[in-house]
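This is the structure I have questions about; it appears just below.
Which chain is which? They are A, B, C and D, in the order written, and residues in each are numbered from 1.
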């Protein structure tokens, strides 16, 4: 016997879903953390969302054949390639998901667009604004559907925040305040993995974490027009990783190497509509595992979100009775009220982090079916990169810098 | 580019997994909430856990063929039956998952055992202790592998609690204190669905929610030997559900019917080892969606858990420095430290409710491969039913009652 | 320069306060923890509340003259007595505050009433219902003003809860659920102080902590009519306290003595109006220092309170927008909205535990000025004792017992 | 009967306190919010702290005689003056407490020093660094004891944080992150009170709230050497306050006036030892009443504090067992462990905001007795003002500015 009693509307919805929707053939480039997360999402999305084209998992691509094959057999990818160029040549691929390290995004995405493949690309879109611009232009030119994986837009609690702001329930926005804190490199003996090398990773926390909170700002409040910034690298050199661990290893080999990216990034921004923003990202906040948190203050109310409790949104409303105002903790798990939830579980039955990916891919597949870019897309990725560029420029110049 | 940098041990584990493990052919009886949750889990478990036999999803069974077929096409069940007897006759079924309403558990489970099928059964095992006893005896006689879905044992945070208690980190246990609160029938106009009818449901909150917290008590602290109890039905009659909605509908038809089960159950218990327990379950706690929370106090520390934040465990240790003691919030999401997590995501990337089911099915499949019952099994289900029986008996007698 | 900008109404109120109010001459019997807390409150109340008669701190009484004198010089008591009988003979005493151990309450209160003194008595009123009844009858006969220190009624957040319930904002009440957890005797080497000896203390956690949560239930929800209960003493004997430490010492002397009171008390209750209650108190919950917490669930909303965050009240309202419901944390610190707060500090400037005493004494002094008993008074104390008696009786009989 | 059982060491301490300590004659200039808070503290401190010289409350000074007299009669000031110059002439005044608006601090403090009075001054010390420097020099020249009311250093939880950092329990500090958020002027119709006029108030949120978090940074982590900043005024003009309300009124009169101070201030800082800091203060964060919160991340642990829960400190320790790490909530209410607490109540009995003032005044009085400046003193006030100046300069220049 089960715990709950509501259901039913879902199957009706399912019955009405477009039966004639064509399947979409997908290729995934990358097979590490994001490769796994996306594989899981492709294998899940069709089971949960009936109004979604079925993704046919045609091919997964990785340089290390054994690794790619393991992921293929695990998640049901039909074939394996070790060259992304070969993937783009395949006729049986409609859409390419780029989940590689950042320095490969541009080259692959531009080539994919030229090959007429739709593209879903991990964030940040490029390692620089120039790269992102080239990607955007290639996508527009090729008339492909292009999306970027700012997956935290697809948290039901964040989508509720978006609707509340659009409904005017927060009034005029004055403050956006976000930080994304992690702690996985506090130990100075943690090796100098590729993410700590600028030539490969582009930047450190800025592109990895900063890109997310900048996107949430743009999504929820508006454009970031000008920034002042501080970047810092606390540990200037680290042991090289053990050779046989590849780029992802966490044990060390011989010798030291310089850390050439930021360990943290702090910046202030002037936003559309006169609001102000504060932003902070770091990998040196012990105890903060995935602490992507934001607060928005408007003339009628406030919102607070924390990814470590991703099903929850805190809301303060000035419209509440004067003796009973306070931040309330909304569980965004109510069918009929909160995005995507009808397709999941009853109220109070929490969903996990991976479904930020499931929902992102759901939106991308629907967009491919429609032939229109989803939100967020390469336009957003480009603007995002421009803001990150301005942050780096300001950190170097010591002055406010415009974002484009 | 992704957010995180740790991975790798997982694939090595995978490589070492038993390659020769045989697939297990599974049948699922039931296709509503639990049917969906279990279907999702069977389709997920092999992708996440490499050391798990692959479940082959042979057949799903439901009285309503259209409903069962929808679930089959959605989750990849190979065939559909409308008669559970027919399922048990099939040679291509190794194990049967019983996710029906409670009054069918006994009949199906006993027949399945006789047919030599392994059985995983939803909770409570029977609608009475006598039913559960019959099921247990049949399972033992048939030498099948038998499990019961007390899925909250398979929350990583709960498994951490278990380990901490076994390690002696809490010392001698004095108190177990649990409640499972929901709010979905507070509205008196909510219809008299089958769950509110004793002839079908056996009991109300007691079997639905009480069974879970009794199981957590038995798992974490020990046996419940004696109880005193109070059951209450706040709304004595309700509108009948609309006929065309079936048993699960939430809209009303004509006429009223009596509510014949408990709306809440409160009980106190004397536990093994001299500890005392307090238990409370209700469907009348507005704002509590799935508030399954417990606190354990021992001579060296305390633990607190809440299913609405299922990745978290609170822990107070008397061994901390005297000026720095306090309840700490552990995210049970650290690979290498917390159960199952190596197979999921990096620290701070939360998993959702549905994986309490994934983990339960993972343990069941491994147990089938080994030929030994997993924990919890029908022994636990039987003891659980005996305790629920004693609660009902005490509520009627006004006295303390022993649990067997 | 200060942090805040609102004030002003207060002084106007002050100007309008009754100028002709007579001072009240107060005697305090007891000089330990409660003696100190009450002394502080008497010396504070007039400074904060302008519409309150001034308490003239005439005399403090304690068996140990040195201890009483120390407290007198510290808080400004004008004189010291070592015999409470002598206090009652004094003509310059209008009101007597009884802050002794419980077994002296009845004798002193009855004598004080006979002497025509108004009485404020610590809780529980008597050590038994019979004692409390005798006190109540003596007070009525003598037409004195009588109050009992259930000080948690005077937390602004609790008074807000009371108003919300009276306003109907919670609708019909279904559940009251409270616990008061502490941890100061978990160590088996903690000495057998007088509080652990029934002949002196009457009971253990039941009278000390249980009396408080029973009072909150009666105040907020209604009468407790019938109970079933469990009392337990985990540590059956303890070292005697060191002789030179007096009754309050925490170091041990030679020899062991039996613990003759309850270490914890758990009980369930049937309440007025069909609601049900669960109650639990213990001194064996490590990490819980003063965890007096309650939850109330009604047909329209829920409330949660925890004394460890005494300025806060959590409230869930079914009237909130369906997509934005959740427990909100109200800081009961808004002038003009929350009880007593106008006299304290701006919003968000928290008050401390001691002002539960200040407010209780404020209400008592106003009541003495009016010549009418405040709430709560000896009637409440008597009903409270009757419920505690029924709890003990049920724990002994193993059956439900009526409370009078 | 009372709730608790520990006490006793306190009175022994009291007995040993210096019996020969001389009383200190105090004058208070200012009688509004801070005047009231300080009056309360002076009347409390001697009752709670036995090792503190007794403050004799000689005179309170305010321009409005009626207001000052009301405060005098309420808190027991022996006399009233309406001219601060007259106060400084009095022979019976040892120490002057300056609780006026900021633009009067310098003039009064310099004159007081010249008159040989010890000075305790509200924050910020001056309205500019130049003013503060003049005050500091005058104090040094006159060899008086000088203190500044950065009262949040005197929260027991903050003092615990300080000790933990000094003990090395956080390791090397990387991040300081603080914000102080309030919401009392979100309504555009809230009047243009003096605090919103630069000529009187010096600055807006920066001096009022920013001064506090800068002080906490300097106290806990270290000096702020360089800043980049953003100041914003969201509401450019407001209604004038009603004339008869004086500077503190909250109702409006006729006409509008420009707001000439900042509504919010955001800044980033480079700190001693290579740490980085982020700072944000605003009066436009709805729901945040007194949200003075900070987080510190070091190489061994992290701390979090929030003034709205001022008895609590959150602590994460990398030294905890790897499977049981998490932020723990310490109640800084343990006698023998946490500053000042022995003099207050048992564990879990929270103290209120006002005692940040009581403790500050306690430290000041002890310092006067010793003849040495307490911490923090005018040196701290001066450095604080220099940092605030640099923030304003950076906001104007658009560049990083050094703090002196």
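What we mean here is this: a residue touches a chain if its C-beta (ideal position, glycine included) is under 8 Å from a C-beta of that chain, and two chains touch if they have at least 3 such contacts.
The structure presented is a predicted model; accordingly, all values stated were derived computationally and were not measured.
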{"item": "Chain whose mean Cα position lies farthest from chain A", "value": "C"}
{"item": "Of A-B and A-C, pair with higher C-beta contact tally", "value": "A-B"}
{"item": "Rounded Å distance between chain B and chain C, as computed from the means of their C-alpha atoms", "value": "42"}
{"item": "Distance between the centres, which are taken as Cα means, of chain C and chain A, whole angstrom", "value": "53"}
{"item": "Whole-Å gap separating chain A and chain B, where each centre is the average of the chain's CA atoms", "value": "33"}
{"item": "For chain A, residues that touch 2 or more chains besides their own", "value": "288, 316, 325-327, 331"}
{"item": "Pairwise touch network: line, ring, star, complete, or other", "value": "complete"}
{"item": "Chain B to chain D touching residues, read off their complex", "value": "160, 163-164, 169, 312, 314-317, 320, 322-331, 334, 336-338"}
{"item": "In the complex with chain A, residue positions of chain D that touch it", "value": "174-175, 177, 179, 181, 183, 186, 228-230, 232, 234, 264, 266-268, 270, 274, 276, 278, 280, 282, 284-288, 295, 297-302, 316, 318, 325-327, 398-400"}
{"item": "Complex interface listing, chain D residues touching chain C", "value": "1-8, 11, 14-15, 32-34, 36-37, 39-40, 43-44, 46-48, 50, 67, 70, 74-76, 99, 101-102, 105, 122-124, 182, 184-185, 193, 195, 201-202, 207-209, 212, 245, 248-250, 288-291, 307-310, 331, 333, 344-355"}
